[in-house]
């Protein structure tokens, strides 16, 4: 076992640090809408042009062809230099790209992968429906083959970023006679296709993170199917792993920084007697717990990329997402709670503006990308081999 | 020994619920119409002479609906005015509203102050309650409140005029009453979050059955129900103890305040999770309950003061 | 609503206090075995002779014929004067008696109720079996009618106090053809009957609290059936409520005292800098939480007895037991944890001798009388009306 | 960056497991036979020159079985002797055992001291480790240990003879190593409790199916498994960080120590509950794991010291 970098890893990290130190945008990210998306795309383009996009993607698709270990090193350096997150490109980079690499056709890869790495395509998922949340196999959105097209009618919901996206991954029912997850197909759809309507949904933090998407006779060319007709469940399940494991690595590293910030908050804020909050042993114990869990999660992420590199897979992938989601909630809640009464507005102080919205947003962590309950089902059944209910 | 609600209390709750569950628009009118502000005020001060236990049952309904309108601040302001002998002010406030702030000098954050006639200033350190006149000119900045059903303002208190003030035992009594009513509102939220969860768990189907058939949901609902029942009981217990001057009243109030705070925060978080993405939307009531619970938790008798009373 | 006693309640409380102040045994309760049982019986006899036994039992069966409110007042006074708990008579007083009052025949009531109140009969339950723990309806112990007897073969396990008991409540399968809970019967059995063998089981605290009981052709007169043949499930379910609600009232009141003791422990023990543990705001916050939960549980118990008195029943009964069990575990664990390294022996200090065994024993709280999971099922299904899985 | 165990580490674990899982009787013989005490000792001091990461993997197995035998105290005593230049003592201890106590003067509670040749006295305040000769005459009283696989004795330390002592950076290094190995044992317990639970949940049937099909059980098992995986990872992470003199090593050790303590206590409590009444019996291993976890939690680098390191 070894944490010390190999000469190659060291060189990679040094180059990354050197580049990031000069290229991380100094201007703040716009808070919403198209300006925000433009910011994210520009930052991605900057990385792409310098060869830092797609660290672990194969070279033939425009990536750097390295392993998850280098990807992790890149995330560590990004956190160190406070680089912007993928933002609206999260699904494109974290999910759609890997899906196409794993299951796409050559044409699909050529059409999309480099474009994704360049930041030219914003993607959204399209899995959940009003009646199919945790139970994806119950989805009803229908796709009917009509010549060389699939004609789609129905609706998807809780689609993060749909209102800002160019493309969408779409799981639809193409064989209504087949039971549940049989008879589903996985397609990709250009969101400018006629018949697509996107209605933003406001979340509990007062912002629009996701939308409901309606499909009214939307014609998708059959060449946009990923996998064959009826292979949709297999494609979706294979690829949910990306979301639950690798896609979370970057956020894990960023969480460590946030824990530091909460510790700093406790050192700078004072209680009613003018003492820093950090002098309370109740606060200190709580922060120590967060720090310990943060380090443990970091260690688990390192163990995960190590195992993947050495053996090709790791069941720790299914654990990183729920552990991250719940720790992140605790960290953000702690930040908000340390504010005391200052936490009752979202703009009364700079600290409130930072920590209160983050706390509210964190309620989505244990719901999106599979609820905490579904993640536990996955671990119980697929990792531990416990029987289904 | 009888913590079963009286017929009058149950009628009071039914009447209040008819208003609060109907929608927020007319609540303030109804509140004055049903005499909410005067319910606990002694009859000789123009009130209805209800007990704190009566008020607690009413405030549970107010909490459960997370409606707008500064009922606790205004009813407390009325009492401060009465206690300070300012019966003219009592009368004026029958038609008015009070904002409130937990500070007495300088530039402070107040709540529901924009449309208020007076501001209730609470000084927990020294144990005093003060009423000052409120004008728009005092508002330095409108802030964005966490709880969308209140308003938040940065207010300049340098004007200095004081309409009424209570200190000492009288202030202490008002602070204890307010803490019980905060607990009552939190208990109401705890119950409301439980009801929302149980109703949704019984209806929403996934995997071919209602989600309430899965222990991940049903056991969480059971936990919520236990917290809710205990929250109601401990609030009644504290309120009656205050009404009867029980020697343990202070400790019981702190217990009610702490139990309901924990319960309300746990249950509102849990109900968001039970509702899944729906519970994360602005449109659903879950977040309003959570935010109201957070708002109340920071109110009268906050955590450090509870700890002190409970470990004394 | 009213907590202040009525004149009658006040008189009852005063009389109780007066009697307890003079009659609570001063000598310590022996820690185990027959001397312990003898102590418990003697204390019960003392109460019986003075008219304090069975406060809420009907007068015709030797009780005082009062309500649960007076029962609660009695428990409060008992806690105030540190009176011994029912101990080995717990099942007799808390379960077997109420079962016979509710479902027994006149003969059974005459044979047992006064004897129970006098402390002359120690009772045990006999529900769980090795293959039927939470799932009581799966029990296999068989009873075959032979003339005017039921002949029982099989085994019961986790039977608290069986090794010290005279009588046992026994749920047996009398109709093997009927499905699950149909075909069960409820009998009472004299444990001296030939064919009964009791094998004590050592618990994780090193002590014997329960036993496995074996039945080999045990002949039970049919007159010892409670309810008719095949009514066993109904009798058992009706009466489990006693255990979950009223039987816990006394322990709830005692828990409040234990919380006081833990607070006192924190005031008297010092940390490494010589400061009382209670000066740590982490410890203080924890104790405040326990105190708040203790008061809330007390309040719930009062609300429960009030509702029962006014309406005849209360669903809070199903909540008191799990809330008690879990709070009691937390209180006892806190006591043990405050001991720090002194908690690594069970006899190194007086405090360790008190709090460490209590902590170990508390693991049984969320297992016995229905696991925490089963109690939640009961609340979810019977109180909240949620569907079964 | 590579936290995947080496082939040598996996062989070491397989060999250790063969002994620890076979039953407690011969563990001490095997421990000396397999060179457990010398594994991490430098080769020039007669050791095997293994890394702390190697030792951590071994100690995880020791923890998982909760076997008797003062492996950590004795291996630490050997290192103290070596560090103090007492190679004669190192040799003597190859056949001997060390008890230990977290105090250096007066009448103290020691563990595994009855049959020990030396006593390892740990002074965390000043940061020193001391070896004193141990005789039966020093035992004032035999106490009843919480963990049935250790012995506890009240010992009189007024004799005063000191065989070896390390202070300063050398002592600091030994304390850090011991903390990592305590974390490793706790990680082993965390994993063992998970394995017990999962195995039982898959076999034990109630209501016509394995209890692991109920979310109340399966989700608890999933939580246990997450804690277990993270416990192993963070222990490796800390051990390698110490081996490589990483600037964050101290903080990572404290994190490993705290995470594994919490995880081991949670998982052992949970496994008792998952096993129901069976898990509450003396005969079942669950309580041994719980008690060992409690014993270790109070050992090297206890909670207050962790808090300090993690919030620095």
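Letters are used for the chains, namely A, B, C and D, taken in the order the chains are written, and counting of residues starts over at 1 for each.
Operating definition for what follows: a residue touches a chain if its C-beta (ideal position, glycine included) is under 8 Å from a C-beta of that chain, and two chains touch if they have at least 3 such contacts.
Which protein is which chain? UniProt says A, C = Acyl-CoA dehydrogenase family protein; B, D = Acyl-CoA/acyl-ACP dehydrogenase.
All values reported here derive from a predicted model rather than from experimental measurement.
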Inset, instruction - With chain A gone and nothing shifted, sort the other chains into their touching clusters. - result: one piece
Inset, instruction - Let me have the rounded angstrom distance from the C-alpha centre of chain A over to the C-alpha centre of chain D, please. - result: 38
Inset, instruction - With chain centres taken as the means of their Cα atoms, state the distance from chain B to chain D in Å. - result: 51
Inset, instruction - Mind pulling the residue numbers of chain D that touch at least two other chains? - result: 214-217, 219
Inset, instruction - For chain C, jot down the residues that touch at least 2 other chains. - result: 281, 285, 373, 376, 389
Inset, instruction - Report the topology of the inter-chain touch graph, choosing from line, ring, star, complete and other. - result: complete
Legend entry - Contacting residues of chain C [partner chain A, same complex]: 280-282, 285, 389
Legend entry - Complex contact set, residues of chain B against chain A: 102, 109, 111, 125, 143-148, 152, 154, 205-208, 211, 214, 216-217, 269, 272-273, 276-277, 279-284, 286-287, 290, 294-295, 298, 302, 304
Inset, instruction - Please name which positions on chain B make contact with chain C in the complex. - result: 1-6, 9, 51, 53, 198, 201-202, 209-210, 212-215, 217-219, 221-223, 225-226, 229-234, 236-241, 244, 246, 251-252, 254-256, 258-259, 262, 303, 306-307, 310-311
Inset, instruction - Within their complex, state which residues of chain A touch chain D. - result: 1-5, 9, 69, 72-73, 263, 278, 281, 284-285, 287-289, 291-300, 302-303, 305-307, 309-311, 315-316, 319, 322-323, 373, 375-377, 379-381, 383-389
Legend entry - Residue numbers on chain A that touch chain B, as the complex places them: 128, 131-135, 138, 157-158, 201-204, 206, 210, 271-272, 340-348, 356, 360, 363-364, 366-368, 371-373, 376, 389
